[in-house]
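Consider the two complexes below, in which subunit A is the common component and subunit B and subunit C are the respective partners.
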Partner chain A sequence: MKIFELMAVFFRVGVLGETAYRANFYIQIFETGLNLATALAAVAVVFSQTDSLGGWQPFELTALIGIYFMVLGGINLVVAPSLQRFMEHIVTGNLDYTLTKPADAQLLVSIAEFRVFRLVDVVLGAGVLGTSLTVHAVEVGWLVVAQFTAAILAGAVIVYCFWLILATMAFWFVRVENILQIFWSMYTAGRWPIGIYPKWLRWMLTLVVPVAFAVTVPAEAVSGRLDGDALVGAAALATALALFSRWFWRKGLAHYSGASA
Partner chain B sequence: MRHWLETYRAFLRIAVLEQLQYRASGAIWMIGSVLEPVVFLVVWSTVARSQGGAVAGFTAQTFAAYYIVLMMVNHLTFTWVMHDFQFRVQMGQLSFALLRPVHPIHEDVAANVAYKLVMLTVMMPALVVLWYAFEPEFALAAWSTATFVPALLLAFLLRFLAEWTLALATFWMTRVTAMNQIYFSLQMFLAGRVAPIALLPAWLGDLAHGLPFYYMVGFPVELLLGKISADAALDGLMAQLVWVAVMAALIALVWRRAVARFSAVGS
Partner chain C sequence: MTNAVEPVVVLEGLTKSYVVPVREAGLKAALGSLIRRRTRTVEAVKGVSFAIAPGEVVGFLGPNGAGKTTTLKMLSGLLHPTSGAARVLGFEPWLRQREYLSRMTLVMGQRNQLMWDIPVIDSFDRNRVIYRLSREEYRARLDDLTGLLDLGELLNKPVRNLSLGERMKCEIAAALLHRPQILFLDEPTLGLDVTMQRRLRTFIADYNRHTGATVLLTSHYMADVEALCPRVIVIHHGEILFDGALSKLIGEFAAYKTLIVDSDGGRDLSSYGEVVSRDGGRTTLRISKADTARVTAQILTDVSVRDLSVIDPPIDEVIDRVFSEVNP
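Right after this comes the complex of A and B.
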């Protein structure tokens, strides 16, 4: 399993790089904590006026926010920084060095940079998710665990492929960072179950920016409201996107001619 | 006076031309400004419907009016100086601004106004689309519409001066993201962006009226929608004036010390 060996190596490099700036760790805890508190406070304000939002109970919504932060942490841990660096390397021509290495280039550019302190988001998000479920003494059966695992894996693959497709566009267009900003703007809509949004926005959050599959579907799995179709749909989309993004990556790579002087 | 008009005309012209160059990325930045009020509008109208049509006097249609106006007020008053200042100070770009015979805040005001003008070409279509999608219900009164204009101008001035003052913290601190985030979190709640102030717990509502945030966004929005009595409107305008004076005094006080601390390394 060369993939995991390589990931472990890059992860270790990330740890070495980041632990040199230990104050950042505490700043990260503070910032993530504040963000989480803001999101939870907004939920509290909403539920001070109602008992359920579009059929979601308070603890189900806090569980959703936990998942939102876990996914956010995952993206910021490795996907976003690595692919951002990759796009810079296309412009500077440094990608040449990656291509000479004896491993798959897509793998190398996708795991090149680990921001290990972003694990704080994942841990705190998981904490909120766990607390939401235990406080309400929710019986989590094996089926729910299996569904949640499948949903979050599919969501992770979909989000990664989405980022890879956008980043691959950098082979043709130089200024893709702006397009990535669309993702960040729209991702915040995932703090609420997408079922409450009007149809046009729901479609955008499902197909244009895959927030639905990344956050809402796993949250539905946890609260036991997931129907099989959504899970099958997520798995199908994950497979299709994985194949397409791989094909698109190869196309882009064939188009690359190096930019060194 | 003439001198100032000419200065601002020059700054505005440069800034508009610059914004037109980056219009695509500028438009992408607007997505967040449109989406945030839409999200809260949807959340609150869902709540209103589940509570038999209204919460705290707001129906789905009046929430739509509130958030559509809020979107415009927020667009017209927001600034990005707190993000920018860190780079200016740490990269030494401020040196150029300091060489000019005008206070650098004027260039920032002009750049802000220019961006808003150019981006109205994005905001106006968004306004029309949201209008049709959410069918807001307005009851405009002549006096509140008339007082809305000065209230909006004061809100812009207040938010600009407050954020410019806070941005000066980068002269003393290397990492200001944590401080900025506290400010933005407070503003989300106390300016009326998460919910109209009337829907917040009473103690938070009182806090909002005692701090400047509400007067940057929520106050002009509620004024236009006729949610505020004439007396309260007058009090609000007075509060805006007082806070603007406080912020202006703070800038005058802090700026001199900040510049004295500043040193750039040339190359």
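Right after this comes the complex of A and C.
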């Protein structure tokens, strides 16, 4: 299909671009390793004081950290760099070239840049997730696999739409990089299950910045504690956001072509 | 020339106005603008109409801010007009239909679409997928362009290692891989050295001849225009001042001619007109156009002339004059 061919060619370009600076690859491994170690150490510290945190067992928390890194890697692999590039292109006017191409502009903008070294996050995160489950000899049934897959897909869609909506604001305000800082600072909170936070923060992490759906819900699925409603909610939110972000994008594009100099 | 065939580009009263924020100098004004933005409307293009026949190469001239780029952006589908109509290849550009976008191209001399860190050929490959070219079509066109623009050496180098001229050649090739039928070229030779400018001019002329593509080109280099464009459209303050043959523009707006007289002994000719320069027996005179015939005849009778030539002033000066006449 056309979309996949386009993604493949952009991915290839990403590999070529990144491998031009191969020191970055080792730096990336080092950075991810360090972050993972810190996160796991924090879990160890917590569980040296208590047996369970908000009802979560140690291996469930390490699984959550694995998922946290997988999702982080996914965002940094393509969503964040592409949309950041898009916002730069609004400032410089280079977006014009994208808009003269006979392909969907939202698609082109969203896959414009692959930072393939960020796959290190995804791979190491998956390793931590796998290890947590194996070490604790967790039986992973097909239902759990299905739930996890559905949850992570919904989470991915929600995070992407969230980024797209923020980035689309650049059509009106031009410089909106600051908004994205909000995302990053809130995302860090996703290293812990959001259930442990006070109520107001839980709401923020669910509805304002969708960390809950990106990390906690998939982790709940893995540990078999996910209730059906949360999954349905995630799917509903993903659909709604996909439709809304598309509509909003089109509005932004119409504004751009109506006003830009 | 536009009567015989259906034109490919038609503009009727095309108008574009922008609402731009007004900011006065100073901190107070800057803080004030956070609360309330004052705006004003700028009319960049005011009711522009013209038509271009298939295969024409038209020069679109005007000083900075005249509305050239805005017009090109409307024609390439980037901007919606405020009012008026335009059709290019039968499409309304700003609907940005795929069929239209895959048949036109826009090159902006001051921007680049090639990716910085990767070899040129890989940027081309990306365009192959975006424009849905078959591998055979792509191969054939790439070979053509490689030959015409002499890209062989450059294709496998990352863009960041290319000189400006080399990069521009590659930019143009990238913009032409899908063999567009209409080319909008906005300052394609900007910043290039004379040799490279000439190279690109020759290429554009060849491309036009071979493919029959229509070209609308803006340039600040009059040499580009003289070499490429039999017809020019002059725009100023968003309005069209002149639309016709380049030679007619010179005839209409050049107020004087230059007379170069080679005479024995290098006589003082200042009584015949303004002496621009004198070099031995060679005198350069500036004479108002109306007087040219009379003064030339006079000099030929009065002075023993070895050689005499009458030339039009350089096109730059004529254009300059067009603008200053309208906006003294």
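The rule is simple: the second predicted complex is superposed on the first by the 256 of 261 C-alpha atoms of A that agree within 3 Å, B and C clash if a C-alpha of one lies under 4 Å from a C-alpha of the other, contacts with A are read in each partner's own complex, and residues count from 1 in each chain.
Just so we're on the same page, contacts are C-beta pairs under 8 Å (C-beta built on N, C-alpha and C of every residue); 3 or more make two chains touch, one makes a residue touch a chain.
Values in this document were obtained by computation on a predicted structure and should not be read as measured data.
K.L.:
Report clash or fit for the pair subunit B and subunit C bound to subunit A in the combined superposed model.
P.N.:
fit
K.L.:
Looking at the overlay, does A:181 come into contact with subunit B only (first), subunit C only (second), both, or neither?
P.N.:
After superposing on A, A:181 lies in contact with subunit B but is clear of subunit C.
K.L.:
Identify the partner contact of A:34: answer first if only subunit B is touched, second if only subunit C is, both if each is, neither if none is.
P.N.:
Once the two structures are laid over each other on A, A:34 reaches subunit B alone.
K.L.:
Once the shared chain is lined up, is A:101 touching subunit B (first), subunit C (second), both, or neither of them?
P.N.:
Touch status of A:101: second partner only.
K.L.:
Classify the contacts of A:13 with the two partner chains as first (subunit B alone), second (subunit C alone), both, or neither.
P.N.:
A:13 contacts subunit C only, not subunit B.
K.L.:
For A:5, select first, second, both or neither according to whether it touches subunit B, subunit C, the two together, or no partner.
P.N.:
The second partner, subunit C, only.
K.L.:
On the A-aligned overlay, A:172 touches which partner chain: subunit B = first, subunit C = second, or both, or neither?
P.N.:
Neither partner.
K.L.:
With the C-alpha centre of subunit A at the apex, what angle separates the C-alpha centres of subunit B and subunit C, reported to the nearest 10°?
P.N.:
In the superposed arrangement it comes to 100 degrees.
K.L.:
So in the superposed three-chain picture, is A:50 touching just subunit B, just subunit C, both, or none of them (first/second/both/neither)?
P.N.:
Touch status of A:50: first partner only.
K.L.:
Who wins on subunit A residues touched, subunit B or subunit C?
P.N.:
B
K.L.:
Working from the superposed arrangement, determine the closest approach of subunit B to subunit C, counting only CA atoms, in whole Å.
P.N.:
Minimum C-alpha separation, subunit B to subunit C, in the superposed model is 8 Å.
K.L.:
Quick one: which bits of subunit C touch subunit A in the complex? Just the residue numbers, please.
P.N.:
18-20, 44, 70, 73, 76-80, 94, 96, 98-102, 104-106, 108, 111-113, 115, 117-119, 122-123, 125-126, 129-132, 158
K.L.:
Going by the contact rule at the top, pick out the subunit B residues touching subunit A in the complex.
P.N.:
My answer: residues 24-25, 28-29, 31-32, 35-36, 38-39, 42-44, 46-47, 50-51, 55-56, 133, 175, 177-178, 181-182, 185, 188-189, 194-195, 199-201.
K.L.:
Quick one: which bits of subunit A touch subunit B in the complex? Just the residue numbers, please.
P.N.:
Spelled out, the residues of subunit A in touch with subunit B are 23, 27, 30-31, 34-35, 37-38, 41-42, 45-46, 48-50, 52-54, 175, 178-179, 181-182, 184-186, 188-189, 191-192, 196-198, 200-201.
K.L.:
Can you list the subunit A residues touching subunit C in their complex?
P.N.:
Per the touch definition, subunit A meets subunit C at residues 2, 5-6, 9-10, 12-13, 16-17, 20-21, 92-94, 96-97, 99-103, 108, 254, 257-261.
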